[in-house]
Amino acid sequence: MNFASDNWAGATPEVMAALARHNTGFATAYGGDNVTASVKRRFTEVFEREVEVFFTATGTASNALSMAAVAEPGGLILSSADAHLRNDEYGASEFFTHGMKVVPVPCRFGKMTLGELEATLARYPAGGRAGKPVVLSLTNATEAGTLYAVGEIAALVKFAHKNGMIAHMDGARFANAVAGLGASPADLTWKAGVDLMSFGGTKNGCWAAEAIIVFEPGRFPGLDVLKSRAGHTFSKARFVSAQYEAYLENGNWLKTAAHANAMARRLADGITAAGRLGWAPQANEVFPILPKTATARLRSAGAVFHPWPADEVQIGPDEEMVRLVTSWATSADEVDRFLGML
Amino acid sequence: MNFASDNWAGATPEVMAALARHNTGFATAYGGDNVTASVKRRFTEVFEREVEVFFTATGTASNALSMAAVAEPGGLILSSADAHLRNDEYGASEFFTHGMKVVPVPCRFGKMTLGELEATLARYPAGGRAGKPVVLSLTNATEAGTLYAVGEIAALVKFAHKNGMIAHMDGARFANAVAGLGASPADLTWKAGVDLMSFGGTKNGCWAAEAIIVFEPGRFPGLDVLKSRAGHTFSKARFVSAQYEAYLENGNWLKTAAHANAMARRLADGITAAGRLGWAPQANEVFPILPKTATARLRSAGAVFHPWPADEVQIGPDEEMVRLVTSWATSADEVDRFLGML
Amino acid sequence: MNFASDNWAGATPEVMAALARHNTGFATAYGGDNVTASVKRRFTEVFEREVEVFFTATGTASNALSMAAVAEPGGLILSSADAHLRNDEYGASEFFTHGMKVVPVPCRFGKMTLGELEATLARYPAGGRAGKPVVLSLTNATEAGTLYAVGEIAALVKFAHKNGMIAHMDGARFANAVAGLGASPADLTWKAGVDLMSFGGTKNGCWAAEAIIVFEPGRFPGLDVLKSRAGHTFSKARFVSAQYEAYLENGNWLKTAAHANAMARRLADGITAAGRLGWAPQANEVFPILPKTATARLRSAGAVFHPWPADEVQIGPDEEMVRLVTSWATSADEVDRFLGML
Amino acid sequence: MNFASDNWAGATPEVMAALARHNTGFATAYGGDNVTASVKRRFTEVFEREVEVFFTATGTASNALSMAAVAEPGGLILSSADAHLRNDEYGASEFFTHGMKVVPVPCRFGKMTLGELEATLARYPAGGRAGKPVVLSLTNATEAGTLYAVGEIAALVKFAHKNGMIAHMDGARFANAVAGLGASPADLTWKAGVDLMSFGGTKNGCWAAEAIIVFEPGRFPGLDVLKSRAGHTFSKARFVSAQYEAYLENGNWLKTAAHANAMARRLADGITAAGRLGWAPQANEVFPILPKTATARLRSAGAVFHPWPADEVQIGPDEEMVRLVTSWATSADEVDRFLGML
């Protein structure tokens, strides 16, 4: 009954099979190999257009190098107040951009509104000494397990572009968003104006498969060097490519994501009886508010999950808000046992 | 007949088996898992003392983060003139140290002498505006496939310490050095004064297993944050640990290295008939000087290898110097076919 | 009638006389001259203890280099929400610290309370991924023309120290604070626990005389190199020393500051008839809320001043909040003409 | 008899008079004042074209911010081996460019040849991992008191441009070069292809008047923010403008430089009797090789000068090479006394 995080799971059998398939023989190092070339073509199919793909080691690296690719001295990154990039990456984006500031846009249940973005931007007039807005970073699925719909993304990005900003998407859980919304990867990204994204595979069944996708190839010419200079160019690149090969083929990535989302809904549905939800889950994270007696009982029975700050909801003194994350490895049985104990 | 580089090979069956063994079930993310704990203990056995182990994604990251851990404003890194850190990492060490300079120490066949180190250091007197010597980085095995013996390392490091410098070892091919010298890992590092090292596994049979080893745990307290801030903390850390588990158990790492070294010697022995060697190989790299007719013939027969600048040796107009790298995956048959064509 | 800012004034006759006094003859460059040595002794008298003095070109440099001197990777700077360091320096502190974040502590009329500092710090638990609190920066006089009393500083600094933080003071208008509070420079700084400060002279009658004062000499050993590496070591250092010589001798700095403060009070007293004050002035800045008809009349009569955001006070639709800054060069006559027009 | 450096002198009477002239009254801060506007126009006259002028505090800042303005990740700065930027600025250019490397081009008596530049560049092929050549920095007058003629500059710059590099000139002693060559400022810079330069005033009679000149206004749009973020935007900017006003009017800058150059020639002419010169002086620095008995006698008589490494010339065991720098403040009498003692 492990709901701590989707990065506590291992790799899917498909990913392991692909690694085993490609572990013999010689292949050009640093990404010049055939598997990498083939996977890059697969990405163009997924996104229905030519894209550039840059592998990195972690989602933090994808986010921070994306920021570095668009950085300007004294520039500002706008993100939702609870963005991973802002709160959970040890200042990686500030470091890689040589000191750009991450300005929080107020958000509710993980999502900012256009009004909030406008109000935040209004505090940074052109030529001001506090900094120049350079990039908007949206996370989808959000850190709260909610989803931006296509129209919401398009509206926020349009406003960002109008104000001279680049639009970035943190897609550490992009598969869960695609599966949850039923929209195409293209609709959720470049067709809505997104310029570049962090495309995660690790949380959804790979070992370590992260990439930056640039939707207009060649637009950020320094990115390749930025990445290598940061020690993020694997010599045996095919070990990432192999993972992505298995991840993207046969729609595997959407199957595992759909499974994780379904497990989250199953949890949510079951919880409504014993407790209540902070907000409705849309992807693979559920945030229930439970009696402390229940969470204590679950923990002592071996269930693993994290407490969560309940800033946005009202909870009673005997209640606790927790986060439950599901993954490709979560089983219905496990969910039902958890609910049974509840 | 692929002698392009040891990072063109895949992963050993043992490494793949370990990955497969650990790919199911849940494990605490970011290195809090049992496999990681167990592998860290294994490292203490390998080095015969408590050590700190920090996984990174690449050898470049290990080198550059090591430099960052010891950095001072306006500081200098001394390395051999042909160090990977200086020539092949896109300025990663300069970037992660916010502009420290890499000062080349003249070297011959990959190795610097104490006299050359002394002469170089003499150009940077205390308080000078050109910079303060902060760290000496030695590579073993060197980029030229030669080896520093225990006594040579100790003498260079002693001098570095006497002058207030930290001693780092770039051990991208450390296994080849240990196997080639028959000295213990401890003798080649901390017993000779080395303070921290980049410990590579990738070139010698892993997919992506790189680590920084700090020989006095806790000595560089910022390293953990430096690493995370650089996007070099894998969430599913066990995928690195699993590789190192297989790598270090049963002396596997020294077996694969010894094999690679033996294949290099086999190449060297065979070549002496048809051509000559730039210098004697001591690890897994051979630098023959061959007639251009021979290299052309080999290439057209499918042999893969890189030309190499012959700055340190005399070659004729009809000759070419090349680099041949062997690895765990090089077979005697392959070597013999190559020699046969020669 | 120029109340735009105290940095719109020139230099005092005393400062000009000192420059003229020292403009001939040769003197050791880079601060090795006699005037500099003498001024450094003067600083020890001013602060009643040995101090280290590092000249810089601007207050921004003093702030940012102070932050750099105490920086840690992934660290946090806590300052009041309206600190100059946070809002008006183009991200200099973020840049010089390689990406530390400036975390705003809510403040009212320029000052934070201990409760607000505690609440802010509570959001950054030890080991957290959002960053480690490293330094508290307090501004005195504040950007709102208010003053922290000795006891207030001591309480905030004590809490910062208890939590492992360094305490910095931005003293761009330190003279106005000393003059306004009647406390000693020592009481307002190191006796209250302040570890280092930016000591401004420019706004109070110099041309360009800024310095970092370290209260425990040798504590931040890298500062000298940080400063030179930033291009902030003047070759003809005596031109700064000469300014400080005139500034500090005969209590000149407190006379000009007392004059500026008195002019601010004169403005405040006069305004109370025609309008009202956002809050009571304590130094050399006054923030009146005036009828828009009055500010328009004043502007067309040639008075120069800046509008000011009235976030902290209630103003009516026909009112405007403005900032009036006085300096050593403000005359009573000028103030009275301004008040007369009002 | 002070020949230590031209930055040991104070400011000229003209510079002091200009400062006194502008020290009263109010003026818009941060360079929005009339004196600054007027001086910028003066610079366009000096260079016979529209230029952009950015004041900084020091020559180091001018050099390092120039490098920052053109920086690319993993880029290389090529300069002569004995460039101030490389040896004497505490790594400022490496810091401000986030780790670009300064690659030395071999030089003789301060000057590189086209052949040496070509040979150096050849070591950095396109796409190489050692870095991409981004900018060439030439110093005129050189650190050895020699001069690049117009044609020499044009040839080096043409080659740099052809290879995709920007051309920068370190003009800390530009006045001495203009005076020494009798060429126009325009001919020596933009007409020869120079893209931006560090224009020094301090060594030649100002207190602290340094600037970056961009010959195609708007070409490096980030420079203004880079400068402010580095703490190099003076609030009372007119104190720099006033110095440049006096410096540039009536050809004062060329008069003081011509005087310094003449004093250097007078020294050189006189020395030829008693000793010999390392090489012929062309600006305001003389490098004689003197008997150690003579330098000892001069030092004990109070003459001040620095020893100089004699890497490029042959000296005997009883000889010493020294550097003698003259300035606007050097008198013929002083020179003659020095020669008399010799």
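Letters A, B, C and D mark the chains in the order given here, with residues in each chain numbered from 1 onward.
Keep in mind that, in the parts below, a residue touches a chain if its C-beta (ideal position, glycine included) is under 8 Å from a C-beta of that chain, and two chains touch if they have at least 3 such contacts.
Note that the structure is predicted; figures quoted are calculated from it, not measured.
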Set of chains whose contacts include both chain D and chain C | A, B
Among A-B, B-C or A-C, the pair repeating the C-D interface (over half the contact pairs identical) is A-B
So which has more C-beta pairs touching, A-B or B-D?
-> A-B
When centres are defined as mean Cα positions, the distance from chain A to chain D in whole Å is 51
Computed distance of Cα centres, chain D from chain B, in Å | 42
Taking each chain's centre as the mean of its CA atoms, how far is chain A from chain B in angstrom?
-> 34
Going through chain D residue by residue, note those that touch at least 2 other chains and give them in order.
-> 73-74, 89-91, 95, 98-99, 129, 225, 228-229
Connecting every touching chain pair, does the picture come out as line, ring, star, complete or other?
-> complete
The residues of chain D that touch chain B in their complex are 73-75, 86-91, 93-102, 129-131
Which positions of chain D touch chain A when the two form their complex?
-> 68, 72-74, 98-99, 129, 132, 222, 225-226, 228-229
Listed in rising order, chain D residues that touch chain C in their complex are 2, 4-5, 7-11, 13, 15-16, 19-20, 22-29, 56-62, 64-65, 89-92, 95, 202-203, 207-208, 225, 228-236, 238-239, 304, 329
